[in-house]
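Across the two complexes that follow, chain A remains constant while its partner is chain B and subsequently chain C.
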Partner chain A sequence: MDVVIGQLFTGLSLGSILLLAALGLSLTFGQMGVINMAHGEFIMAGCYTTFVVQKVISSAGVSLFVSLLIGFLVGGVLGAALEMGLIRWMYDRPLDTLLVTFGVGLVLQQLARDIFGAPAKNVLAPSWLSGGVDIMGAVVPKTRIFILVLAVVAVTVLAVVLKTTPLGRRIRAVVQNRGLAETSGVSSRFTDISTFFIGSGLAGVAGVALTLIGSTSPTIGQSYLIDAFLVVVIGGLGQIKGTVIAAFALGLLNSFIEYSTTASIAKVIVFAAIVIFLQVRPQGLFTVRTRSLA
Partner chain B sequence: MPESRAARRHPARLTKALVAPTALALAGLLLTACGAKDDASTGSTAASCVDTSKNSIKVGSLHSLSGTMAISEVTVANSTKLAVDQINAAGGVMGKKIELVLEDGASDPKTFAEKAEKLISSDCVAAVFGGWTSSSRKAMKPKFESLNSLLYYPVQYEGLEDSKNIFYTGATTNQQIIPALDYLKQKGVTSLYLVGSDYVFPQTANREIKAYAAANGIEIKGEDYTPLGSTDFSTIINKVRSAKAGAVFNTLNGDSNVAFFREYTNAGLKAAEMPVVSVSIAEEEVAGIGAQNVAGQLTAWNYYQTVDSPVNKKFVSDYKAAFGADKPTSDPMEAAYASVFLWKNTVEKAKSFAVADIQAAADGVSFEAPEGLVTIDGSNHHITKTARIGEIRPDGLIYTVWDSGKAVVPDPYLKSYDWAKGLK
Partner chain C sequence: MTTLTEKMRQHSSMTALSGFAFAAILLFAVAPAVLSDFRLNLLAKFLCFAIVAAGIGLAWGRGGMLTLGQGVFFGIGAYVMAMHLQMTDAARLGNDVPEFMEISGIRELPSFWQPFASAPVAILGILILPGLVAAVLGYGVFKRRVKGAYFAILSQALAAALAILLTGQQAIGGFTGLSDFRAFFGFKLSDPVNRQMLFFIAAGTLLVVVALVRQLMHSRYGELLVAVRDQEERVRFLGYDPANIKIVAYVVAAFFAGIAGALFTPIVGIISPADIGVVPSIAFLIGVAIGGRTTLLGPVLGAIGVAWAQTALSEQFPSGWTYLQGVLFIVVVGFIPAGLAGVWPMLKGFVDSRFRRTKAAVVVHEAPEVETVEPEKVETR
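Moving on to the complex of A and B:
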């Protein structure tokens, strides 16, 4: 029994990490259709932000929460700068955004290497996050629970922003029908920048969370980028709901297969399952309903 | 009515989006294939271009200065540089100053092979000091053999290999893993759980461990591998927990160790109940993991910063003076340091920089290294080394809890062990 509970929580926590990494992408890739290969490096920026903040604020607990805020801003500013500097000229050329942002990602990686050095940096987790909680015989690390809660909070805030605020309505309007939204007086430029700011800011938050699990190195973002893209594609473009379900489904599938096989085999089986799934439903779990498609 | 952006985007845009990475990957494959063909055609034209007419002699340093292995390899490259600087300060090798050519293997075996070829063929170095992962060594080996040059490889590895073009200055299995198994057995451990990175060294090392276990009545409770650089260990930790083994044998490499040990501690597993024996984490990695997460765990190496000898005290203080007072020294760094001196001593014995002369002169060349006296075994190009089991303490340093007393003769093919018959 404790094995099932343990794997359930492992799956949920893996899912929550995937979700944090993919949430920002579901805005920039899913909703705007921009393939941002530098998203992983925005995650890395969040990691290094945590490292720098901890140098300034020595209390690990305080610095974690300050990092979450600053990590969001750092990621957001990088994303907005990328949008204003490069992406705005290539909204109709997704292949070009792929190459350009890939290049930007490499530049950011080298920048991190030059500033912080190639060896990985270690961020201390606050003492109240060390150890685990006993849940029905399975020990679940507190860091994992924190990340799960963080993912839930991030999704909730994002959903509320998109559903209820004027900015959220503008983002949805531009995504569904840019021409009509512009005609109705919505500034699509401002909306594009805001969407990028929020999406990349969420990558920064993901980065802060990742420092609780492993070490921070210039290439950390790359290991999460592909998984994040998969989650968004499986979830269905432009769907926060789909992203959430896909992230947790992948996390649980992976953890249960891994328990009975090995990490490498589990990855192969999960990838195979994704390929088959996309054959059956190329549009992903959900698709956005727009007037023009109706 | 004109199509809206959104309509164009789904799903046609997605298809386009997926075409691009596939095309890139295919292009990459084609390029690699073409590259491989070129290698084969130029490989046979091996002619030494080492220039011995100048006042200096070039040698190469080839380590991962970037990527997942950088955490470990940057320090080794530093240590090589320290040895070169010291030799130069003392007058060089046969009156020539050593000129170090630095290259970055970028944690990628293919890059290691390319850079090795560059160092040998276009930089014309007399020898190369480099590599950490077995995959990088395996990738470089054919280059050094076909271009007939010398590689000094400073890291412990899985054994079952020898090459007249490689000097193995790290431990082979009978100088590290087998002493560790003997130590565990003597401590009464009757079952093991094997965790490793998914590549050459852990896979081969674990085959040897399983053969040892079968012959010594030790039960293997499980065996798991994760991709290099992986940071998700919760499932493996859950498996280890429920397996309740006597000890965990850890052959993870690089950054993965940080995530593994954090998860291990957070899941409530303790060194006192289920110790982890690691063969690839040293002082530098301990700092990265956080000493509080690994305190009490065991390591098997030939050298620790705390080794008590005058030679080592000087090595540690020289290294700290050159690279920072907070920088620890470690086993592969010590082996890399000794490598340069072993090369120098061999060159001076051979009175030549030529590969054939060095190979002929190598047997019996020794150096008083920080770990103790090391001597090259000319029959297999490995060196004698002292085996040490260490315990990681909360100060981040590793202290010897057992050592072999004298330098252990290398046995890369484990010929002296009955249980190892049939291993390849």
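Moving on to the complex of A and C:
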């Protein structure tokens, strides 16, 4: 029993990390049709932000919350800059945004390597996050529970922002009918930039969370990016609901397969499962039929 | 009318033939005479990338399928060849298992190694397996009309899955991969003459691949492929299944990548997951993009040029290449989507228009009344 509970929590925890990484992607990929390969490097920027903030503020508890805020801003500013500098010219070429942002990712990665060095850096977790909690016989690390809570909070805040605020309404309006929204006086330029700011900011938050469970290296974003993309593909475009379900489904599937085989074989099985799943639902779990990708 | 198109076709095949002969002379006579053994081996490696690029040009440039996972097929070819070479080396030394296995304590040959001990099976594997994997994925994806970004991400995920799988398997070299090959089908790899032979094999393969791609591009199939890229739904309405057309191009690209991988192994002497993962898979694309993805020779020349630039640059600035590669992706894909091959027609068009304007000006001076008639015609419409 405790094995099942243990795997369940490993899966939930992996799922919450995937969710944090995929949430911003789902916003920019799903809502705007832009495939941002630099999203992984925005996650990495969040990790290094935490590292730098901890250099300044030595109290681990305070620095974590300051990092969450600054991480969001750093990711957001990077994303907004990317949108204004490059992506705005290529909204009609989604596949080319993929390669262009991959180039941006390469540059950011090398930049991190030159600034912080290739070896991995560690961030201290606050003392109140050390140790684990005993849940029905299985010991679950407190950091993982914190990440789960963080993911739930991020999803809730994003959902509330999209649902109730004027900015959220504008984003949804632009996604559903760009032309009509513009005629109604919504500035689609401003909305595009804000969407990118929020989506990339969430990547920064994901990066801050990742420092709690592992060390930071220039390639950390890459290792999560593809899984995050798969979450978005399974979830369906532009659906928070789909992203949440897909992230936890992938996390749980991965952790249970991994328990009975090995980590590397689990990856391959999960990939095969995704291709089979797409036979049944080629458009993902949920979709809004709008601005379809070429 | 027909005689004119026939003449044009004859003319184009004449230029193609002479270009082909020129390339053959360059590769088989000039290169070995001019280059040192080391440089020739380097060029052989670049030719392997060019073979992959020719396939990508077909699938991406002509077919519009952005395949981010050619490393998978390259890797399958390379690893099958590496396994075969390891086993023949072990057999010559009288060992049961390759050396690296003995060191890591594996006494028995894993069952998936065994078939590739025989040369014909290994060659068949190299020729068939990559295409087979591509066919299975392509069938699963294209038949369900999954396309564009979704296909790109899935092909990329496949590359990640294979790289992770190989890294985790100690029985196939794990993280370090397979290396230290002594002989290639009985020919010692330490002998410069044999290494030159490998170069000739790579050069010959590249020429055959380019000829094949040219034939495909100039056939009815090539026209259908472009039609599917530009107007998939219309092709479907005409009664064709776009999925089948796409699968063929994807399989052919995988087939080329597999052969290139198989040649890469003995030429470079090592294959590891780092050569076939996500980043190298996408890096294959940059040469194609720079050369001109929709043309025949653009991808090939672009791949050779980029590989050459990478070697030349990283000798001097180790981290500089990554920056340059990133900037190239941004600039070329973002702002020169047609690649260098597109720059020439653009410049030519520019020069032509300048030239024509001066000519037109002369005409206007000679017969000004023609000019006054035309704007009125436009306005009455």
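Quick note on the criterion: the second predicted complex is superposed on the first by the 288 of 294 C-alpha atoms of A that agree within 3 Å, B and C clash if a C-alpha of one lies under 4 Å from a C-alpha of the other, contacts with A are read in each partner's own complex, and residues count from 1 in each chain.
Note that in this section a contact is a pair of C-beta atoms (placed from the backbone, for glycine too) under 8 Å apart; a residue touches a chain by one contact, two chains touch by 3 or more.
Model, not experiment: these values are computed from the prediction.
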{"item": "Side-by-side fit of chain B and chain C on chain A, or clash", "value": "clash"}
{"item": "Which superposed partner A:V268 touches (first chain B, second chain C, both, neither)", "value": "second"}
{"item": "First (chain B), second (chain C), both or neither touched by A:V107", "value": "second"}
{"item": "Partner chain(s) touched by A:I35 [first = chain B, second = chain C, both, neither]", "value": "both"}
{"item": "Contacts of A:W89 with chain B and chain C, given as first, second, both or neither", "value": "second"}
{"item": "Partner chain in contact with A:G6 - chain B first, chain C second, else both or neither", "value": "first"}
{"item": "Touched partner set for A:P282, first chain B, second chain C, both or neither", "value": "both"}
{"item": "Which of chain B and chain C A:V155 touches, first, second, both or neither", "value": "neither"}
{"item": "Touching partner for A:L230 - first (chain B), second (chain C), both, neither", "value": "second"}
{"item": "First (chain B), second (chain C), both or neither touched by A:L98", "value": "both"}
{"item": "Most chain A residues touched (candidates chain B, chain C)", "value": "B"}
{"item": "Chain B clash site on chain C (candidates 23-31, 41-49 or 131-139)", "value": "41-49"}
{"item": "Common interface positions of chain A, toward chain B and toward chain C", "value": "35, 94-95, 98, 113, 233, 262-264, 267, 282, 293"}
{"item": "For the chain B and chain A complex, residues of the former touching the latter", "value": "2-7, 9-11, 13-17, 20-21, 65-68, 70-71, 74-75, 198, 224-227, 229-232, 234-236, 238-239, 241-242, 255-256, 258-259, 262-263, 265-268, 284, 287-290"}
{"item": "In the complex, chain A residues that touch chain C", "value": "29, 35, 86, 89-90, 93-96, 98-100, 102-107, 109-110, 113-114, 222, 226, 229-230, 233, 262-265, 267-268, 271, 274-276, 278-279, 282, 293-294"}
{"item": "Complex interface listing, chain C residues touching chain A", "value": "66, 68, 137, 140-141, 144-150, 152-154, 156-158, 160-162, 164-165, 167-169, 278-279, 282, 285, 289, 319, 322-323, 325-330, 333-334, 337"}
{"item": "Touching residues on chain A, where the partner in the complex is chain B", "value": "2-3, 6-7, 9-10, 13-14, 17, 33, 35, 94-95, 98, 113, 117-122, 124-125, 130-132, 138-139, 141-144, 175-180, 210, 213-215, 217-219, 223, 233, 237-238, 255, 258-259, 262-264, 267, 282-283, 287-288, 290, 292-293"}
